[in-house]
Amino acid sequence: MRQAVPLTITFLVGLLLIVAVFIPPLKDLERTFTLFFDIIAVFAFFLGGGNLLRVHFNKLRNKKPDWGYSIVTIVGFTWMLIVGLLKIGNPGNIASAVDAPGSLFYQTFHTVLVPLSSTMYSLLAFFVASASYRAFRAKNREATLLLIAAFIILLGRTPFGMMVSGWIPDSFSLLQIPNLAVWIMNSPNLAGQRAIMIGIGLGVISMSLRLILGIERSHLGGDKA
Amino acid sequence: MTRPSDSFGCPSAVRIALLVIAAVIGISITAAAQTEAAPADSVIADTTAVRVAPPTSVVAEDHKYDAGGEVDLSWVPSISESLQNSPVLGYRIYRSVNGNPEILLDELLPGEAEYEDKDVVKDSVYSYRVATIATDRSEYLSITTQPLQPQVENIDFNKSYLFLIALVISGAVIYFVETAKRGKKLFVRRIAGLEAIDDAVGRATEMGRPVLFIPGINDMDDVQTLAALTILGRVAHTIADFDSKIFMPVSRSLVMTAARETIKNAYQTAGRPDAYSDDMVSYVTDEQFGYVAAVDGVMVRERPATVFLLGAFFAESLILAETGNSVGAIQIAGTARPAQLPFFIAACDFTLIGEELFAASAYLSGEPRQLGSLKGQDVGKFIAMVVILVGVLSVTLAEAYQIGLFEGIFNWLSRIFSSN
Amino acid sequence: MSGIGVIISLVVIFGGLAWLFIRSVQGKEVERRVIFLFIFVAVAAPILFPITFEEKATPVVRNLFDKIESMPPGSTVLISFDYDPAMAPEVQPMANALSRHCLVKGHKVVFMCLWATGQTLLTQTLENTILPEFPDIVDGVDYISVGYKAGNEGVLNVVVTDFKKMFPTDINGVPLNQTEIFKPIKSCADFDLILALGGGRPGPKEWVLFVGDVANVPIGVGVAAVVAPQLYPYYPRQVVGILGGVKGAAEYESELAKTHPRFAETDQPGLRMMGPQTLAHLVIMAFIVIGNVAMFMARRKGGKA
Amino acid sequence: MRRSTYLIFGVVTVLFIFSWAIKALVIAGDGGNYLAQSFMVTFAAFLTLAIYSFLYEDNPLYKFAEHLFVGVSAAYWMCQAFWSTIVGNLIPRLSEGLSNYFMQPYQASPWNPAYIIPVVLGVLLLTRLSNKYGWLSRWPLAFIVGTTAGLNFIRYLRSDFIVQVSSTFVPLMSTKLHPWEGIGAFFSNFDLSATGQFAALLTNWVIFLGVFCGIVYFFFSKEHTGTFGRASKIGIWILMITFGASFGYTVMGRISLLVGRITFLFGDWLGLVQN
């Protein structure tokens, strides 16, 4: 009983949505089920948010290491939640956008979240350098191809690409670094991306079928074996 | 590569089939036209000298294969447009619903010849008139179209090829799943990343450091997150056997709930239900980079021996992989977002590329039925290879040697594998 | 002051790389924090003291430059601003460079836009770049702006046969028939060159399909980097040249400064933005070389590693 | 919390107030409420430096920024979800009274009662908190797995499989080439200019072979030996070029992110650069 009902639900819902693509009257079923998903996800927030608070309160109560920082999380969370739910400082009425300019929700977003996320995002510039230092090594044939392709594209992005290969005559202009870089992006890169995507398309079909038919159930009740 | 105008070469079955189809279409158009050509008694020709001609053969048709929500209007633009400096400023579309007086629906630029009216309801009747607007803003109305009730078609035949392909591939997957049941040993090529799981988890036990599992940053509405959770089921089973510690910060509350359920079941089937605790999985935040900042903090402080990065990743993939590498962890990554694969290939020890992420749980289960589905996927690849071969050959021969037959095959294949 | 700053930062970067290279010959690897430091300096230095590298134009940019350079003075050019503030950092430098080049060659320039946001960016180019640098050009004679018209591809369908039907007056309400610049122009076919700047829809691709091929008029294109590859198939038959992303703008600015030295002192955003990019790319390439050398040396010294 | 942490935070707070004051003085002339403006710019700059300090090593400043980021962003998304999904979508369909309270237009439709289902499933999810009824939470999870599998089945089949297969139909020969007059003529007219016909042909050959061998590499159930193995080898080579090239292609974008942040630090905060 514990496994039969969930597996039946998955089977019926999955099959219905696949068939709905081919039956016009059911076409907006897709939008309805996506909306159902969003509603369930909001309920899950109680579990998620509750867990976040509980973890940090425990850390605080039992004075685990770095308990001080849990205060920062709890204060930040409660502040933003109150300011957001009660729309404090929001110029409009209850129906106005939660992040309407002027509201404290909007101010906190722009003072705290925007600088933090754009700075985290910019860490990529550093990690791209350290990753290429470590990864682009001519260890074997595949790694050498990886190295050469990356090097040509990088060189093509600087003026030195043209300076180094400017001497190549026009009838062989494909071998000029900037043109070669564009060519690599337009053919081997395109071919590789396509092969991967064709594989993904098939992988999703096989995975979806396994889930719908209940062959893959490790997330629902584990295998009988 | 503009395609030269095709002259039909030798007659053949394909081309006869095309002719038949063309005939059928032709008949249905003329049939539709019949309704329009009914004697138009209501319109009195405009009395002043007709300087600007109204649009002609105005046809309103129900949009095929929809839930009765659209009417397609088409007409032949006014002949005055072809004059030297054409006096036509544009077109106006009038519509009357259930016989009520006409209202202006829309105004179009000159040269337009069709219009899709999307806000129609299937149980009322619509009739349309199109007017040419002259430069002096005077209007010249066409004949009214026959009253039309949008129909509901229950089967969308435009998608019949899509249905066919889906049937063939799913059939192959299901066929090999069923035939594999009789326990015939199935060969599956080695996937390095998956073979490395056992000793990666073993390493965590030896070093007494936790295993970190990151299921991507998308919610349960992404099929890659589901793939990550099915792999989690297998990995958690191994972790329970090796008595290692697992820690799983997640970016979505739903994923937290599902992950706890998966790990709990894995520990039960491994015979160690007591070792499981809900604190193995904890929700952090839905914000992409807030989650990355927290996970980086966990990596640097807990110094995990093994890191799994499986699921849907976006720009933050390299931040996680590089930080994981800096703490000396063995990293097994996998995603079906081609844009992030280069970063995992560069920064991680093993990477599951696209399809391998979806095949992982079947591969790890070793169950004949699950492995059968992999063979079904290979059938899909075989079909893709054959179709590409035929498609390329036919377009090459059609293009290089002007052979009509191959032109027909190429167009036919392109229509089957089109994205409508 | 910035001259010294440039020298110091280049010495720091390339001196440091040389030192690391020597260490790598002895098989020593580079620590990740050192790499982070180099990237920070390589990006911060050009922002504090503008470092620009002279760009040699690739054929796809040079073709468009030569076309504008070779056209006789007084030929008519239509420039369309079809982009929004998000694409502005990449496309605005191109707009400025191309407008400068046309006006310095004495061409008659007509400005228009298919995007509402293009209008504000067009006025920016006019007020901040064109008018201050060309005090003697006359509105309605040497240049004219007809502003924005809604209708996307519909607008193109009309202007390809009759420009004045879609734009009866210019942006200040002056009927085009009374302006001297529009005397020889009835439709797009009468322009000697059309420059389509953008990256979305409607954009350069629509200009080629709806106007370029139909009216058989040469089209030059300036696009965001991510869109450039999609336009390569049109080069060189349907499109005279393509400027792609900040690098395309920098190449054009570099060529413009070389042939018309008066522009060397003016603001060159493309080259300025390429400063940190070029330096950072060089540092990354240098580290790739250093990494490989360190690996080979370590492997050779320690026998087969 | 170790004493050194308190020391660090003390010093940083002093530095913060000091630079806030300077910034306030500097922009006092521009009018507007410069106190709040200068606070926000200085606070954003200190958070930026706190994140960058992580590149050196983990430290109290980074921990502070990280924990603040987690707390504020978690609540941010909860409020967004509440206002957009619950108030924006669910309430207008469930109760007219609440719709009026929240001033949302009530969307009357015969299907409204169906929206009880997600609410029930949502409540079932909460049963996970109790051990006895915990297994009931599998029902909503099963619903979600079914929805995701069902929705993505056709979507990926069409956009990833079908469209990619049909767009690989590229011609391997072209009439605009000189008609085939033997190997001599072929090489005498040979040119590899970026815009020439041979380059276009080479592109098509590489795309066709690349996709073909790339698919071979992904075969699971066949031994990669013999010609099949060689095709698979070419496939992995093409994939390696793909990964190397797209890695190099994105470097420019990542660098421009850092340019943006440094321009903020030197420009908006320290005023050394006008952008």
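Quick notes
In this document, chain identifiers A, B, C and D correspond to the written order of the chains, with residue numbering beginning at 1 in each.
Definition applied: a residue touches a chain if its C-beta (ideal position, glycine included) is under 8 Å from a C-beta of that chain, and two chains touch if they have at least 3 such contacts.
Remember, it's a predicted structure, so these values are computed and weren't measured experimentally.
Across all inter-chain contacts, the pair with the most C-beta pairs is A-D.
For subunit A, the chain whose average C-alpha position is most distant is C.
Taking each chain's centre as the mean of its C-alpha atoms, subunit B lies 35 Å from subunit C.
With centres taken as mean Cα positions, subunit D sits 4 Å from subunit A.
If you average the CA atoms of subunit A and of subunit C, the two centres end up 32 Å from each other. We define each chain's centre as the mean of its Cα atoms; on that basis subunit C and subunit D are separated by 27 Å. Residue positions of subunit C touching 2 or more other chains: 32, 36, 39-40, 43, 59, 277, 280-281, 284. Across the assembly, subunit A contributes residues 18, 21, 34, 37, 40-41, 44-49, 52, 66, 113, 116-117, 120-121, 123-126, 128, 130, 132, 134, 136, 146-147, 150-151, 154, 157, 170, 173, 176, 179, 182, 185-186, 193, 196-202, 204-205, 207-209, 211, 219-221 that each touch 2 or more other chains.
In subunit B, 162, 166, 169, 220-221, 223, 226, 254, 257-258, 261, 283-285, 287, 289-290, 293, 301, 338, 341, 343, 345-346, 353-356, 359, 374, 377, 380-381, 384 are the positions where the chain touches two or more neighbouring chains simultaneously. Here subunit D touches subunit C in the complex through residues 55-56, 194-195, 251-252, 255-256, 258-259, 262-263, 266, 272-273, going by the rule given at the top.
Note for the complex: subunit C touches subunit B at residues 32, 151, 154-155, 157-158, 162, 165. Contact residues on subunit C toward subunit A in their complex (touch as defined above): 30, 32, 35-36, 38-40, 43, 53-59, 229, 232, 247, 250, 274, 277-278, 280-285, 287-288, 290-292, 295. Touching subunit B in their complex are the following residues of subunit D: 51, 54, 57-58, 62-63, 65-66, 69-70, 72-74, 76-77, 125, 128, 137-138, 141, 144-145, 147-149, 151-154, 156-159, 161-163, 165-166, 168-176, 200, 208, 211-212, 215-216, 218-224, 239, 242-244, 246-247, 250. Residues 1, 4, 162, 165-166, 169, 186-189, 220-223, 226, 254, 257-258, 260-261, 283-287, 289-291, 293-294, 296-297, 300-301, 338-339, 341-343, 345-346, 353-356, 359, 374-375, 377-378, 380-381, 384-385, 387-389, 391-392, 394-396, 398-400, 402, 410, 413-414, 417-419 of subunit B touch subunit D in their complex.
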